[in-house]
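Naming follows writing order (A, B, C and D), and every chain is counted from residue 1.
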Amino acid sequence: MEVTYVRAINQALFEEMRRDENVFVMGEDVADLGGAFKVTEGLLEAFGPDRVIDTPIAESLIVGAGVGAAALGMRPVLEMQFADFISCAFDQIVNMAATMRYRHGGQVACPLVVRAPCGAGVHGALFHSQNPEAWFTRVPGLKVVAPATAYDAKGLLKSAIRDDDPVIYFEHKRLYRSIKEDLPEGDFLTPIGVAEVKREGRDISVITYGGTLHYSLDAARIADKEDGLSVEVLDLRTLLPLDREAIVATAKNTGKILVVHEDRLTGGIGGEVSAIIAEHAFEYLDGPVVRLAMADTHNPFSPPLEEFVLPDTNKILAAIRRLAAY
Amino acid sequence: MEVTYVRAINQALFEEMRRDENVFVMGEDVADLGGAFKVTEGLLEAFGPDRVIDTPIAESLIVGAGVGAAALGMRPVLEMQFADFISCAFDQIVNMAATMRYRHGGQVACPLVVRAPCGAGVHGALFHSQNPEAWFTRVPGLKVVAPATAYDAKGLLKSAIRDDDPVIYFEHKRLYRSIKEDLPEGDFLTPIGVAEVKREGRDISVITYGGTLHYSLDAARIADKEDGLSVEVLDLRTLLPLDREAIVATAKNTGKILVVHEDRLTGGIGGEVSAIIAEHAFEYLDGPVVRLAMADTHNPFSPPLEEFVLPDTNKILAAIRRLAAY
Amino acid sequence: MKAVRKSEALSGVDAHAGIESDLQLYYQMKLVRAFEERVSRLHRQNKILGGVYSGAGQEAIMTGVCAPLEPGDVLLPLHRDLGVFLLRGVDAGRLMAQLMGKQSGFSRGKDSFLHAGDVGRGVFGSTSMLGSSLPVAVGAALKFQLKKERHVAVAFFGEGSSSRGDVHEAMNFAGVRKLPVLFVCENNRYAYSTPIEKQMAIENVADRAQAYGFRGHVCPGNDLLAVLQLSRSVISRIRAGDGPALIECKTYRYHGHSEHDPALYRSKEELVAWESRDPIETYELFLQKKGHDLPAVREQTEQQVQAVVQQAVDFAEQSPYPPPQEALSDLYATPIVRAPKG
Amino acid sequence: MKAVRKSEALSGVDAHAGIESDLQLYYQMKLVRAFEERVSRLHRQNKILGGVYSGAGQEAIMTGVCAPLEPGDVLLPLHRDLGVFLLRGVDAGRLMAQLMGKQSGFSRGKDSFLHAGDVGRGVFGSTSMLGSSLPVAVGAALKFQLKKERHVAVAFFGEGSSSRGDVHEAMNFAGVRKLPVLFVCENNRYAYSTPIEKQMAIENVADRAQAYGFRGHVCPGNDLLAVLQLSRSVISRIRAGDGPALIECKTYRYHGHSEHDPALYRSKEELVAWESRDPIETYELFLQKKGHDLPAVREQTEQQVQAVVQQAVDFAEQSPYPPPQEALSDLYATPIVRAPKG
C-alpha cells in the first residue's frame, strides 16, 4: 500500500507504542488534536491519555520531563510543534539530555526522541521554516536523524525509539504529504548512523539529506538524460554521527562532490561533510568540494524571496553542470 | 603599561561607558561583586546602579530585556556568568535578537553585546568549560568575535559596543590573567570581520582563534627553530562573518592548512573554514586541509582526561610536522 | 497611495489624540473586526499565505487597552493581536501589504503577519516563540526607567503563552525593578486545542502577579467599558511610577486556532455562549441605551470601515512583490568594512 | 576498600531504614558538616580542583527532607547539596573520589562534584544550569504517576535558581498533572553576591506555589525538628496522591558562594546572627533538653564521622586517576553498527 511520509511516521508511533508499553508521546496538542500536522492522529484513542499527553506551552519542560522519565526507563517521544521552537528547549537538549549518560559514568541511559517538524518551502517564514539540525550535530551524546523518504521516516523513527540514547528526529514538513511509497509489511528498521546511496553514479556525487534529496535525485536524472552525466546521490539520513565511510567512499568513487542542503550555507552540515572530504579524500578529488544551500539569511516569507534563497532542482542541476565542467 | 586580557576588557567597558551614556552593563553579580571574574570591577562605583545592573538568575530575561532596551536606542552589554549558560538564553539570541532588524525591514537596530566567558583548561568540567561559538556563527544577523590578545580583547569589545548589530563576544577564561601586553594609549578599535596574520610564513598556515592562538604561535616558533619550517598563523578574531579573503589568501600563500580550535572537532568552526578552502582555494592546495580540535566529547573534569582531549602546543606541533611531511 | 493617506488621517483621530468618544471606540472595534474578517477571506482565496490567526471576538481587549496609551509608549502584540496595529494608527494599506508579503509591508516581504512592527508607532514585532516578547517589553520598560521617561511598555500574550519560562523571568524582573510595564493576558480558554484545564491548575493567570510582587486584575474581556475602566486606572498608575501590573481579560476566539483549524475540540454550545457576549454587539447595546441612533451609527461606521479595508486591500494588491534580493538585505545595520591592513 | 563497606553499613541505618532516632539525625548532620569542611580543606590544599560550594549551615534542610524518603524515591540535589548524597547512603569514599576526579568516582573522572549521581540510591546529577533539574524531577514524578508507583521525586534548588524559567515550567506542569514531586527551596538569602531583594519582589518563594495550584510552606530551615515535622507530613501527602508541594526553608550559608569567594558583600553581623542559629548546635540544645549526655554523644559522634571522612579521603586519594581514554567513553549507550549493506 502506498503510504505518505506523514503516515509512515504515524505508523511507526503506533507500532512502537504497541510493542513497548514504556513508549509514550508528549507535546503540545498531540492528544485530542493529533498534533498540528496530524502526525499523532489516532494515538489517543488507541492508547489513552496516559500514553498520549498534552502539555502546556513549555518546550523546556517537555524535554526536561522527558529526560526524567527516560532516566527511569520510559521511552518518551517528545514533539516540538515546529522545529523552530526547539530553541526554547535548547538547554535541556544540549546540556541535560546529551550529557546524562556521560556525567553519570554510564550508570544511566536517556532513551528519548525529540520529533521536530522542520523545513521551508511552505510559506512559514522566519519561525516556521527553520532547519536547526546543525545546532545539534555538534553535540556529543545526541544522535540526529533526518529521513527523506517514507521508508526511512518509519524505519528511522522506530530505530530512534528503540535506541537508548537521545535522538533528535527532524521530519520535513514539505514531505509530509508530497511523497508516497510502497512500504514493506511488518517490522523494519533503518539503522542509525548509516547513509545510503540512493542513486549510483561515476562522474559526480551529490551528498544530501532531508528536504533536498528529491530535488537532487531529480537533478541527477535530468543531468543523466540531458548531459549524459552519471551522478551518484548519497542520502546521509543520519547527521550525527555522520557516516564518514560512506562520505569518503563516494568521494573516492567520483572525485567531484556537491554537498546540498536546505539549511543555510554557513554553519550548515555541508561544512562538516566538506571538511571530512578535504581531509580524508583529498588525493581523490578532481575538483573543489562545492556546497549548495540556502542563502545566509533568515527564511523569508514573500514567495519570490523564499524561492530565491532556497535550493531547488534547477539550482542543483546548474551546480552539477558547473562542477562537471571543471 | 602592561595590561592583562581581563583588564583590557575592563578598560574597554570603562571607556565606552564614559564615551556613550547609553551604554550600560547588565547581568548576574556584575555590580557589587564586579562579576565572577572581576571583569566589571569598579564600574558600579564609577557609573552607579542605573548603568551597572544586577539581575536575577535569568539568562533569557537578560538577553530579551537587552533587545528591548537596544531597540529603543540603548547599548546594553550583557554578561553571561559563564559562556556555558548562554544555552539558557539561546532562543532570545538566535531568534529574537538576530532577526530583529531583518523582520522589521531595517526599521530598527539591535545594538547589544553578549559577553560570554568561555573555554577549557581551568578544571571547569562539562558546564564551565564550553566553547559554544559555533552555535551562533550559523545565525545571520549576529556577529561573533573571539579575541585572543589583550589588544583585541579591548579593541573588539569597543567595536562591538559601537556596532549597531547584536555581537556575541567570547572571552577566554584561561587568558584572563595568563597573558599581558603593552597597549597603546588612547582610543583604538579592532575592526569586526577582519582576521589578522599574527605570524607570517611560507610553508604551512595555521588558522585559529581564541584560546589556541598562543599554542599555535608557540608551535610555529618551535617548528621554525627545530625544523626550519616557516609557519603562518592567522588569527580569525571574528567568527561571523568569517574573513574569507584572509582565509583564502593564506591558503593560496602556503597551500597547506591546519585549522585549530579548542571547540570540538565535529561541528566546530574548523569545518566551515576547511570547506571555504576546499571550495575556493582548491587549486592551490598541496595537501589535505587538516583540523585539530578538542575531541568529540564533553569537557571532562579529571586532569588526565582534560589534557587528553584538548589541543595544546605539542599536539599542534605534531600536526604541523605531519602536514609538512605530506 | 490613497489608502495610506486615509488611514493616517484616521489614526490621527483614534489612538494618538487620546479622544475616546463612544463612536470612535465603536469605529475602532468595527474596523479591527472588518479588517480581520477580510484577512480570513483573503486567506481562503489564497491571497494571503502562511498562518492567519484571527482575533475576532477579542476586539474589546485591544481597543480598551490601547485607548489610554500615548505616543512614545511601546507595544508588543502577539499572533492574535493584529488589531493593535490598527488601533495604534498604523497604515492599514501597509499592514495588508505586510500580510501579503508585498514590498510596501513593514518588513518588505521578509516576514509575514506580526513579526514586524511599525516602530514609529511604537509597535514592535515579536518572534513566533510565544512568551519571548515579554522580556523584550520589560527591556523597553527598563529603558524608560533608566532614562526617566514616563512611558509604558505593553506586552500582550495568551493564557497558553503564560506557561513559558520567559514569562516568569520577565515578570519577576519587572517586579524586582518596579518597571513601567503592563502585561495583558488575553485568556481565551484555549491554546490551540488545549483547554485551560490542561494548561494551569489555577483559575486566573492574574493570580500570578502577586507571586512577583505587583497587582493582577481580572476583567471581562468582551466588555469594552470594563476593559477601558481598568486599563485607564492601571496604565495611569504605571505611568506614575507604581510599577508593573497584569490584567487578564477573559475572552474567546471565534475562529479556530488558525484559519486551517476547524476547532473540533470545542462545543457548539460554548461558541454560542460566547457569541452572545460579542464585544461589538454588547457595545451596541450600550450605545443604544445611551441614546445613539444605532442603525444609523452602525451603517455609517460599516461604510467607513469597509472603505478603509477595501482601500487597504487595493493598495496591498497593487503593491509589487519585493525583488528577490530583498531576502538578503537588512540583516545588518553596521556593514563590515575591510580596510586595507597597515 | 574499607571506606566503602563502612559507609554502606552506615547508609543502611540512616536513610533507607526510615529509623529517625535523635542520635542518628545528629550523626547525619555532623557527618555532612564534617565531610564538607574536609572538602573545603582539600580544596585549599589543591587536592580538589574546580568549584566547591559548601552547604555548611544548611544541613538541617537536607537531613530533615531526606529522613522520610524511601528507596525508589528520586532526588535531584543542586550544587550546595552534597549532603544529600551522604544522607541517601551513597558511599562516602566514592563521593570523595568523584570530587577528586578519580576513577572510582560516580562519573569515573568525567565530571566533578554533583553533576553525577548514584543512580542506585535514587540520586541523580544535574547540569550546572540552575533550575534545569526541576523539569527532570517532574519527569521522574510523571513516570511514577504513569506507572502508578507510590514514589516521590524531590528537587532541591536555591532561591536564586527560582528566577529561572525552567522552574516555572516545571511547577506549572506538576500542578496541572498533580504529580508526586516535592520542590525544596533552600533560601539562603543570596545568589552568589546578589541579595534576595534584587532577586524577587516578594517575601517567600513558597508563595508562588499557589500560582501553580499546590501548597507552599515556609519553615525555619536551620531547625531540624521543624523541617522534619513539615517534610514528614508533606511527603506523606504527596505519596498519597495529593499532588506536588513546595517547601521553602529559610537558611544561610556560612561560606562564600564558592571557596573562591570571600563574600565581602555581606556583613559580619548577619553572619553572626545566623551562626547563632546553627542547625547542629540548635539540635544539640534539643538533645540536652531531652536528657542526652551531650558531651559524650558529641565526642562519640565526632569520632565516628571523622573516621568515615578520613576513610573516604584515604580511599579517594589511593584511587587512581582514570586512564585518559575514559574521556571518550559513556557518550552513547547504543553503539552505531554499520552492517554491510544488502
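Simple rule for what comes next: a residue touches a chain if its C-beta (ideal position, glycine included) is under 8 Å from a C-beta of that chain, and two chains touch if they have at least 3 such contacts.
Fair warning: this is a prediction, and the values are worked out from it, not measured in the lab.
Interface comparison, B-C versus A-C: the pair with the greater number of contacting C-beta pairs is B-C. Among the other chains, D has the CA centre that is most remote from the centre of chain C.
With centres set at the average Cα position, the gap from chain C to chain D is 46 Å.
Each chain gets one centre point, the mean of its Cα atoms, and the points for chain A and chain D are 40 Å apart. Rounded to whole angstrom units, the spacing between the C-alpha centres of chain A and chain C is 36.
Across the assembly, chain D contributes 107, 110-111, 115, 127, 129, 132, 163-166, 169, 172-173, 176, 198-200, 331 as residues in contact with two or more other chains. Annotation for chain A: residues touching 2 or more other chains are 55-56, 58, 60-61, 84, 87-88, 91, 95, 99, 102-103, 126-127, 140-141, 296-298.
By the touch rule above, chain D contacts chain B in their complex via residues 49-51, 101-102, 107, 109-113, 115, 127-132, 160-161, 163-165, 191-194, 198-200, 265, 321-328, 331. Only residues 163-169, 172-173, 175-176, 178, 197-202, 207-208, 210-214 of chain C touch chain D when the two sit together in their complex. The touching residues of chain A, when paired with chain C in their complex, are 28-29, 32-33, 36, 54-58, 60-61, 81-82, 84-85, 87-88, 123-128, 295-298, 300-309.
Partner chain A is touched in their complex by these residues of chain B: 84, 87-88, 90-91, 94-95, 98-99, 102-103, 126-127, 134-135, 137-141, 240, 242, 264, 266-268, 270-272, 274-275, 277-280, 282-283, 285, 287-291, 296-298. Note for the complex: chain B touches chain C at residues 24, 50-51, 55-56, 58, 60-61, 63-74, 76, 91-92, 95-96, 99, 101-111, 140-141, 143, 163-165, 191-194, 196, 241, 243, 245.
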